[in-house]
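Below you will find the structure I want to go over with you.
Letters are used for the chains, namely A, B, C and D, taken in the order the chains are written, and counting of residues starts over at 1 for each.
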Amino acid sequence: MAGEKQAASGPRAKVKIVIDGRSHEFPAGLTILEACQRVGIKVPFFCWHPGLSAPAVCRQCLVEIRGFPKPIPSCYTPVADKMEVITNSPKVLDVRRQMLEFTLLNHPIDCPICDKAGECLLQKHYFDWDVRLARNDGSKVRKAKVVDLGRHIVLDQERCILCTRCIRVCNEVARQPDLVMAFRGDRQLLTTAPGQRLDNPYSLNTVDVCPVGALTAKDFRFSMRAWELWATPSVCPGCATGCNIEIHAAHDVIRRLIPRPNPAVNKYWMCDEGRLTYKRVHQDRLVAPLVAGAPARWAAALAEVARLMAWARDKSPSSLGVVLSAQTSNEDLFAFSRLASEHLRTDRVYLAGAREGWCDEILVSADKNPNTTGAKLIGGPTVRTAADLKQDLKIGVLKALLVLGEADAVSPLDSLQTLVVLASHQGPLVTAASVALPLAMWAETDGTFTNRQGKVQRLHAAIAPAGQSRPGWEIAARLARAMGAAWTYANAKQVFSEARDKVMLMSGADWGRPESPVQLRFANSRG
Amino acid sequence: MNDHAPSPTSRRVVMGFGDAANLPEDDELPTESMPLNMGPSHPAMHGTVRMVLEVEGEKVRTVDVQIGFLHRCFEKEAENATWTQIFPYTDRLNYVSPMLCNVGYALAVEKLLDIDDKIPERAQFIRVIVGEISRLTDHLTCLAASAMELAAFTVFFYLMKAREWLWELLEEVSGARLTHSYVRIGGVVADLTDDFCPKLRDILGRCRAAIADVDKMLTSNRIFRDRMDGIGIITRDDAIGWGLTGPVGRSAGLAYDVRKDHPYLVYDRFDFDVPVGSVGDNFDRYAVRLEEMRQSMRILEQAMDRLPAGPILLDDARVALPPKREVYNTIESMIAHFKLIMDGIVVPPGEIYSFTEGGNGELGFYIVSDGTGRPWKCRVRPPCFANTAVLNKILPGLFIADIVPTFGMINMIGGECDR
Amino acid sequence: MAKIVLDRLAEQFVAGEITETGSQHGNEWARVNPAHWRGVAQFLRDDPVTALNMFIDLTCVDRLGRTPRFDVVLHLYSVDKKHRVRLLAGLPEDDPSVDSVVGLWPGANWFEREAFDLYGVRFLDHPDLRRILMYPEFVGHPLRKDFPKEGRQPLLRRFPGSVDEEPAP
Amino acid sequence: MPFSVYTSKLAQAVNWARKFSLFEYPFVTACCGMEFMASWAPKYDIGRFGAEVPRFSPRQADLLIVVGTITERLGPVLRRIYDQMCEPKWVIAFGVCASTGGFYQNYSAMPGADQVIPVDVYIPGCPPRPEQMLDALLILQERIQKGEGHSQVVLRAERGYVAPDAVIRPDRGEKGGTGR
């Protein structure tokens, strides 16, 4: 994308330029805007986006260059040797103000009802660069307010400031030219290309890049004021790509997922499918332990599981199996594989997960499990596949089964005498299980996923576990204690560090610092 | 929990029979010490505080004053609110003199914003006026409550009446009787009413009368003096070592008044005296408060005489809200209003310890800003936290009955002490 | 304000007891090596030039994300010279502890107890370092940045009946 | 049924007597106390409604007025005081803090006194004006006359009718946690 193209172009020569009286050195091909950002000089912009090409249509990033008659857009102009840039001269500031005033001229007074309010670039720039009162109160140009663009998107043409970011997202990220500009002047407006709808699998990225509230997500709009949300860094559980995301939640309800920039994994984007994975966190959850289908106290349920497992183990370890799920975090997997080898003393450890799905060469991968790589590493070479599991169940060598997470590979069940399930959701397995324990989901626990590139990425608990559900590693630890072991895991970090020491290829992994979740209104008024 | 104290009995142990001459010199019978628990809900203690006493007969041997029953997490709440949203919390710190807390906090933030010298003069005068009124109500309440606890109910009624007048005046200005939230960063939220000054003068006259009555009723009242004189003595060195300020510190001979020693707002333009005690006992604390009320009235009258005209709020779009008409009709002001309310005033990174003379002494705000719309830390240095701590030193050796007036004169305010 | 105190500190302590000094918004502050916390405070109190004899405030700041994580903050005032100073000492995240100054100013007692209660900073040889604002049963130090704002720990089952939830192990 | 008629009439008479002879125990913790004082003081003289005599021992009081923020640390104290009062007893929550916690939603403030004791009348306001205190008193008296007070209902459920003599209930101490 844009960033790389420029980086690739030209030799890696260094150029010396002067910005606001200070001289700096930058690699050639860098734009003035990027150069300013590197040295921490603030230059406002609407249309520029680090992941997209720069059309220089908003004129907010104008800077003065010694020797040039007019201010020029810094987002478009590459640095050149001996260039002398002034970003804060009265002239520049005044021109920017005029452009901003021009942008605001026809902007509706929508902040109180606008979904973007609070994370709006227009608000931010006006407040940072120009807090003067309005100079005109003429009537504004009216345009269409609720335009249904596609499956996920609604457009408000009045709010649009014509920055064309969304158009470039469709062209450059989704590679489907769905959106276009129509007409001219103050009648110019954003619309879909004739006969098109904005239905590409990356359409929701247009909402993120939209600097104002023109493009809003049907899923999120009017559900929550943006500044009330609490942001927690996490990883998308949708597929093996492991896009870095931010969970936006309030009062223990997730409202939306947005991509977190990570050039190595997902750049600035994620797919619509991944964005909606959060819905499952709040749908038909298993909220309390079930013993023979009846709700039970944790202690009782764990004692029952321990009894069943011990009985099965002592009867015939070879008929006792443990099913790991590629949907769960490394910590849960490690704790359970340890439980299986040390206390259940079985070598029948299977790895199951969700079915394969569609994929593309942009972000979506066919493997719909977020942690297959991690599960394979932790399970080791001896771990058996879902196919083996089906086979063993069919021929009936398995009498007792401990299942971590849901896996539709676990069937047929008729040969089983004991089935213990750790599940986050209601389902056939739970109904069939002799004991079912509620399992906390990815958004509710600290932990790590290992994505398809082998990157170990950190999950942070964004909301409290539903009902009485607990993280898998914790259940494993309590189970082991109930079976007479002396496990002392107090938090996921301990499990992680032990796993890092024991499991090869995880040694490079890092847990990261503790950080307090931040409410968007105080995230330094970003937007 | 033992929730009522033994009724104060006479100090001399009277033998019902036998020859009084054969009584031991020591006027107490030898007794073994007994643990006694006063509070947290005790009639003679305004505010919830708990004292675990070890008494020998009526004498206090050791005391452990336990506070924290009204810990409302001022700091945690402040760290999660915009700079402006914190004013209501400051109201409820020292809820007997909310205006003083408002002003103290506003000054601290203004110093961080480097606008403390740009505040309109009228706003500064108004802050002094409402502040001093609050000081009046503070001392009135303190004396009224303490007198009531010493069974002087008339005094309570007289002083409450005076406080009513002042509160009704403040209500006209701010809209609230008690929790005003009247001060804003950059000035005050509303101007004084047109007939404010005449009303205040009238009220001050009546307050003077009420205070004079109380003075007559208490100052030369034998019972009152017996329970105040020479009880709970604090020396000047104690005051310095324990960080005692305000009436308590001054009554101990420490002539430290922020308004005089480090004048803020426009206090340096007024002529007033700082009363200082000579003994440092309960009576001095009572007398100092009485005199301070008179001095506050002097300040008020001078302030009213010199009250200048002009704006009451700083004209800075990044601090003060734009006019409502603009907000409703133009996108520019709508945005400005929106950012100020939702993201809060953006205060540059820095640290400040700003201190003013609160009702109970040096009210300090130690604020750490990380450059966002809310404080990283907003510590309040509560004067009566230090003042209450000294009880641990002065109570032992007193009688149980002395705890009541001593505690009353220390004037622990739960909201400020426990925050 | 004249920089009397900072100058005096500079000429008195040359062996790295004072790591950093500055003045902002008319506040003079000095960052003290925690090992010399009590020593520096005592000097400031007793030295006739500084004569910072009055205890004003002691608290703590949790600068989560910075190392050392905690700062103990002491404010002193000179009754005669009418000047002030702010002393800070950085304490590490694991086992933040520093010498108590109760021996110098009896008033510091409750302030140090509060800092211990709300931030978990231990003050060595403090007469009785107990919780002061929170109750003894309370777990954790609520003013730390990673403590949830609504992390309630009720002493009493709610009325009527009670929420029958199991505590997390 | 003559008996029930007799008892109901008697109960009405007793309730009438009760509502005009309330002995209040003010559990004053915070800011609201200032306004509460004002409701005693001249101008808003609460004595006009037969509730001017504060009893500073819960054992002598039948109206508990929770004035101000209740912290988790105070919860057991409050419950103990309520348990010490003789039945029938009534509770007024004075101010939003006592009703819901108000804008103190944090680790220490309890979200309302009704978390630990039953409340009959809630007074909004931060703090409420003295007039509201008087209003609440009238509302409470109405409820007392109708026998709708929480403890009255409980008693009726236990005894079938409200006995004219106060009924001591079995101590609910075991529910009272540490009872500190």
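Criterion: a contact is a pair of C-beta atoms (placed from the backbone, for glycine too) under 8 Å apart; a residue touches a chain by one contact, two chains touch by 3 or more.
None of the values given here were measured: they were computed from a predicted structure.
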Chain whose Cα mean lies nearest the overall Cα mean: C
Comparison of A-B and B-C by number of C-beta pairs in contact, larger one: B-C
Chain centre separation (chain A, chain C; CA means) in Å: 40
Interchain centroid distance [CA atoms averaged], chain A/chain B, Å: 51
Rounded Å distance, chain B centre to chain C centre (Cα mean): 24
Rounded Å distance, chain C centre to chain D centre (Cα mean): 42
Junction residues of chain C - those touching two or more other chains: 133-135, 142, 149
Residues of chain A touching at least two other chains: none
Set of chain B residues in contact with two or more other chains: 68, 71, 73, 76-77, 80
Residues of chain B defined as touching chain D within the complex: 1, 3-4, 40-41, 43, 46-48, 68-73, 76-77, 88-89, 91-92, 95-96, 141, 144-145, 156-157, 160-161, 163-164, 167, 177-179, 414-415
In the complex, chain B residues that touch chain A: 80, 82, 317-318, 322, 326, 328-336, 338-339, 342-344, 346, 371-374
Footprint of chain B on chain A - complex, ascending: 104, 107-109, 111-112, 117-118, 122-124, 126-127, 131-134, 137, 227, 519, 521-522, 524-525
Chain D residues touching chain C - in the complex, by the definition given at the top: 72-73, 75-76, 79, 105-108, 110, 114-118, 175-178, 180
Residues on chain C engaged by chain D in the complex (per definition of touch): 133-135, 137, 142, 147-160, 162
